[in-house]
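For reference, the structure discussed in these notes is given below.
So that you can tell them apart, the chains are marked A, B, C, D and E in the order they are listed, and the count of residues begins at 1 in each.
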Amino acid sequence: MLFIELFIQGLIQGSTYAIIAVGLTLIYGLLRVLHVAHAGLFTLAAYLGVTVTNQFGSLSLGIVVATLTSGIVGVVIYRLVYEPILNKPPYVALIASIGLYIAMEELFRLIFGPFGLSFSSAPLQNVVVIFGIHLRACQIITVITNVVLLGILAWIAQKTRVGIGWRATVDDPEMSASFGIDPIRVRYLVFFVGSALAAVAGVLVALLTNLVEPTMGAVPSYKSLAIIVLGGLGNVFGTLIASLALGVIEAFGTIYIGDFLDRDAIAFAFLVVVLMIKPTGLFKSR
Amino acid sequence: MMLKISNFCCGYGNMQVVNHLDLEVKKGSVTGILGANGAGKSSLIMAIAGHVEIKNGSIVYNGEDITSCTPMERVSRGIALVPEGRRLFKSMSVYENLIIGGYITRKKDSQTNMEKVFDIFPILGERIRQNAGSLSGGEQQMLAIGRALMTDPKVLMVDELSLGLMPKAIDICYEVIEKLNSLDMTIMLVEQSTKRALQASDNVIVFESGNTVWKGSSNEAKKSSEIIDSMLGLRNH
Amino acid sequence: MKKMMLIATLCFVVAGLGTGWADDTIKIGLHVPLTGFAASDGKSSTFGAELAVKQINEAGGVLDKKLELVIYDDQANPSQSIPVANKLIGQDRVVVGVSGSYSGPTRSAAGVFQEAQIPYLSAYAIHPDITRAGNYVFRTSFLGEVQGRAGAKLIGEIMDKKRVIMITLKNDFGKSLAAGFKEKAADFGITIVNEYEYSMKDRQFGAIVAKVKADNPEAIYASGYYFTAGPLISELRASGVNAPVIGQEGYDGSKFIEIAGKAAEGVIITTSLDRDSKVPETANYIAEFEKLAGYPADMVSASVHTAVKIAAQAMENAKSTDPVKIRDAISRISMKASTGTIEFNALGEVQKNVQNQIVRDGKWHHHSVIDDPELLAPPEK
Amino acid sequence: MAAILSAEAVTVRFGGITALKDVSFEVKQGEFLSLIGPNGAGKTTLLKTITGIVKPANASIKINDREITKLPTHSRIRLGLALTHQIVSPFKSMTVLQNVMFAAGYKKVRNIGLSILNFSRSSEKKDAMAFLEMVDIAQYKNFPVSTMPLGILKRLEVARALAIKPKILLLDEPLAGLNSQEASRLADTIKLISQNGMTTVMIEHNLSEVLRISDRLYVLDNGKYLASGNPKEVMKQPEVRTAYLGS
Amino acid sequence: MGPYEISLATGVGIYVILAVSLNLITGYCGQISLGHAAFFGIGAYTVALLSKLGWPMYLTLAAGLSSAGIIGVIIGLTSLRVKEDFLAIVTMGVAFLFVGIVRQQEFFGGEMGISGIPSHGMTKFAYLCFVLVFAMLSILFSWYVKKAWIGFAFDAVADDEGTARTLGLDIKSYKLTAFAMGTSMAGLAGGLYAYYTRFIVPETFGFIESITILSMVAVGGIGSTFGVVFATVLLVMMPEVFRFINDYKLLLYGALLFGVMRFKPEGLSGFYTLLTGNKEK
């Protein structure tokens, strides 16, 4: 029973990782940029979600505003930050992104204050008991959202013309451009979708913890980098599996090996070992 | 006249690969482009498709100057390319490759075109869900041609049709070229196999180091030893 | 290269400007984390200190001079606090230093103040080695261990719960609380069923909660700050764990209740600020703070408030701003402040009663007091 | 004369594709051998196997009868191989001269200790200038390579390879991308180097230049040996003509 | 100089050593590292533990230098297997592992860190000079490496490994040497830091610190020693200069980092080139 509960808790944690990391890996797959500021959009969305919900009393409105705004800000970041430095050495974009993330974190603190925000009455906290396991609605919704969003994403990528064009651009931008797929539009799309995913994750985490702080993006900012490497950079399916696996490993690790390594170290020990054995990650990189 | 190329130079960066070329391609004809490796054959058709920088001269297509058009605009006007090495989207299925080929056409046209492609290459219809990367060499070449046909092009340019293929697959591909030609499609072939090229084309042009060394009808070409010598590097000896 | 040297020198000069000499005020130096992860505590610290200075100046200042605060940010980073301490001493010529920051930066700044022989008061940092930096260093709050011991008494004796789970925050605060708790647990008949650790960055505790539920304890001793304890207690309650949770001063503040909502009801903490206090110093402080800051008082701000008040009182007692005299006056002080009656032992540690607070109807209220002098005795060296 | 370089039974597979199948060849001291064959014949793969960049499924490669198959690339190079790249790969952060100077200092970077202790670059500079003059690009010495046209870079590749004073020079399409005058000039330079005693193995598609300057041809087709011998005679062999002209 | 300037300058000196040492690995040899602070920490912890056992300062510093160097070579082995983005993330993992392990071990003082590190026995000013001597030495060493053939070889490795290999260069030993040099210098800096603060905690040597060091290198201009030194002085001083705007300090820092990379990716040494017209290499 405990094992099942730990496993479920791991999946919940892993689902939040997955939603953030998938957006990041989409961006990496297309542009080879380690987009640390992605975690800044995650925080932005959490703030917007809470503020709008508290103001207008509607969580759905909060989610919509958060998702759209973060998506647009993501596109703007691409246009103003990454596009001009795409052909520079990879560390340039990485450090620019880190700088941007630090600045965003500070802006959030200056605008929203250092104490963090909470929902004035947190939605989706009602407890559901399934086979003796107590779960909050927001926990169940996190897992469902993960499945649904990634399902929709997979459907778009596999079944729609837009998705096929997008994957073609990842494969061979020059050829796909010659068939009329505008690579710039694909980049905008990927940044919008990736950032919107981060936004959903931000609101979900806000619901799970009822606390939105300026520094809440710190853990996702580096842990999702580890995840996308484990999942094979650019590989969406691998990223999903790596996220869930890491969530579960952390859940068990916290209880059974917490004395040796803390949660972050568990993730990175796992990463270093995997990369030493298989330098390209668990799954094939694209 | 389908294509009229005059005083044409192209290249990469500050390297010029094709020098002062003049070429006219008649509607419904097959033009073979011959020459040793590195002579500039591929660069020529890549430049016509818009992938290589044009340094000088002009390309007039169907009476319209397309020298400064983007690759996509050329595709939409009916110039299709089967690039060297095929450059399929290998992690994607046959179906998806074809969809991309017809990306700029309307969805309905895309459907009819795809059916046409399956008529020409039934094997692709059978492998519709398979990944392009897992096809055999011959099938990949068919898919590359099929993908180019998805826009219903008027001019089809094929780079190194027979490269790396089994003889039987080459035969099939050439049959398709003939068939397409019989449907009034204009075709340009870059081909290493001189014999094949001479059989399949109406006219040939022969390159050496970016310069045109011979131009004329295939029938004349078959009699000329110059072409063979040029291909074998024996011309100056 | 020459150019660069020039620019570097310029930077030094610019850094030097902006600090002048002023003799009509007495300066107290304060370092707090204004940026970084601890920024919220830095903010409360600042309000606490500002309130103290405002109250003192309104009452006529110290030695007929106005008190002036010099505040610098240390990012809660031990390397940052060393130049800050040096700047407060060397440039701003403060007569007393106050730390409104965490253990790391406080411990490294303590060495600097000790070496410069300027009195230094740590408001709420709990690292045991801080006061061991020397005889110029004092602490106005409990040691982590002391509070841990009080927690053991609260659970084992006052609440009479014996099967306890510990959930420990992995930092100096959590670890020293845990050490104190474990030290005395057996004395109060407590069996520690299990101990789980989490890190400062964790906000989701599903795994620990699942395990705690399986352990089925009578009480839970959970160390942490409001930003970890809020989500932790929500999750505990949501998963159906109803055992009482006992926390410490890290929870202290209204933000904890805001985050945990209904789940906060019944949580008890050991702290130094009694919300229902009838003592005028404390009651007055609680009222004044909310007026100034716009949010209810918390332990952090009260501790800094206390530290500044003590510094001022010591100067009055010494009738001088001479560091040696102030130091002596601090060591002899006995004063009622917002966090209780403050007296220091030979090491510079404070001994005072532990206030247990409980959440009722969304507010902190008095629960009980621990005043066992032996249990609360801080180390003497 | 004995073979200075020999490769026996070289088989290379990439994934499921056999790029080279049981190919054997040898080069004699001072010989100028050209490797030719249609696209995809496996010529570059063969050179890369000799230099150890590609790991063969099976092979025995010897320099002066010394087995080198198991050695890492840099050790093979130190035994006297030098390679120019099909796609020019100069050190982009350096000038033309620095590229060659670095190669000319090969002895000083043999191991870490030497590389730390050695400071002076003057003799390498002199050597490098000599090589730049040999390939006729001395006047570009101080230009960063990023501004140089392909013709210069192709020559730079040759000069840099010579600078490590090899016994055997392996050239991978040195003339590709050059116009006919440039190609013919560089071919002359290469011929001259070879005539001065350098053993040379060249992959080249420009057959007229190949025929002009090679001592011997070795033809590969589809990863297999096809023919070898005197250039003009080889080109008359029907199977070679078929390979080039198609069946 | 007052105590404030002295302590500030001592900090600058330590960071100069750190930045210059990372520049050897990342700037010269092209191996990106997001975990440099771990070696800083290894040096600091070695020195802290040994000095408390009563070892004399010169021995503890030597031990700090070598322990960081040895572990650095082991970590350097990863650079032989993984490259670029993968290497960046593996080294980031190293940063987290170091802190993760140290904070769990009572032997290393756990969360409480190590306090009571014996004094260096000098006046503050003498210690500043001591640190600055090491900082100067590391700048000189770095300059020497650049000018010697080893620096030339590093250039080649950073530029194009494959080509360097086909010129007979033993890539592996050069990469490992770069890691050995850079990490042992970081270890020395750690030792000097331990004597400077006389109190260390794990968090000081975490990922954020690694990023701070990398920023100094990147802002200065990867590979340019003087640019890096200049950027280090600038970035360490900046928070001090801007202390009066306490609240906006980190915001400015982030914006500077971002701005330099976005608008001047070659770093501040690019401005230097622009100003003087000669190319510092």
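Here, a residue touches a chain if its C-beta (ideal position, glycine included) is under 8 Å from a C-beta of that chain, and two chains touch if they have at least 3 such contacts.
Owing to the predicted nature of the structure, the values given are computational and were not obtained by experimental measurement.
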Check your understanding: Can you name the chains that touch chain D as well as chain E?
Key -> none
Revision key, fill the gap. Joint neighbours (chain A and chain B) are none
**Study point:** Inter-chain centre distance, chain A versus chain C - centres from mean C-alpha coordinates, in Å
**Key:** 35
Review point. Any idea how many Å lie between the Cα centroids of chain C and chain D?
Key: 72
Study note, to complete from the structure: chain A and chain E have mean C-alpha positions lying a whole-number Å distance apart equal to 31
**Study point:** Shared interface positions of chain E, touching two or more other chains
**Key:** 103-104, 247, 250
Point to revise | Residues of chain C touching at least two other chains | key: 35-36, 170
Review point. Hey, what residues on chain B touch two or more of the other chains?
Key: none
Review point. Tell me, which pairs of chains are in touch?
Key: A-B, A-C, A-E, B-D, C-E, D-E
Study note, to complete from the structure: Counting only contacts in the complex, chain B reaches chain D at residues 13-17, 19, 36-38, 160, 162-164, 167, 191-197, 208-211, 228, 231-237
Practice item. Can you check the complex and tell me which residues of chain D touch chain E? Key: 51, 53, 72-75, 77-78, 82-83, 85, 89-94, 98, 101-103, 105-106, 108-112, 114-119, 121, 160, 164
Review point. So in the complex, which bits of chain E are touching chain A?
Key: 26, 32, 78, 81-82, 84-86, 88-90, 92-94, 96-97, 99-101, 103-104, 207, 211, 214-215, 218, 222, 247-248, 250-251, 253-262, 265
Revision key, fill the gap. In the complex, the residues of chain E that touch chain C are 2-8, 11, 103-104, 110-113, 115-116, 193, 196-201, 203-204, 226, 229-230, 233-234, 237, 239-241, 243-244, 246-247, 249-250, 275
Review point. Which of the residues in chain D come into contact with chain B in the complex?
Key: 38-40, 149-151, 173, 175-177, 179-180, 183, 205-212, 232, 235, 241, 244-247
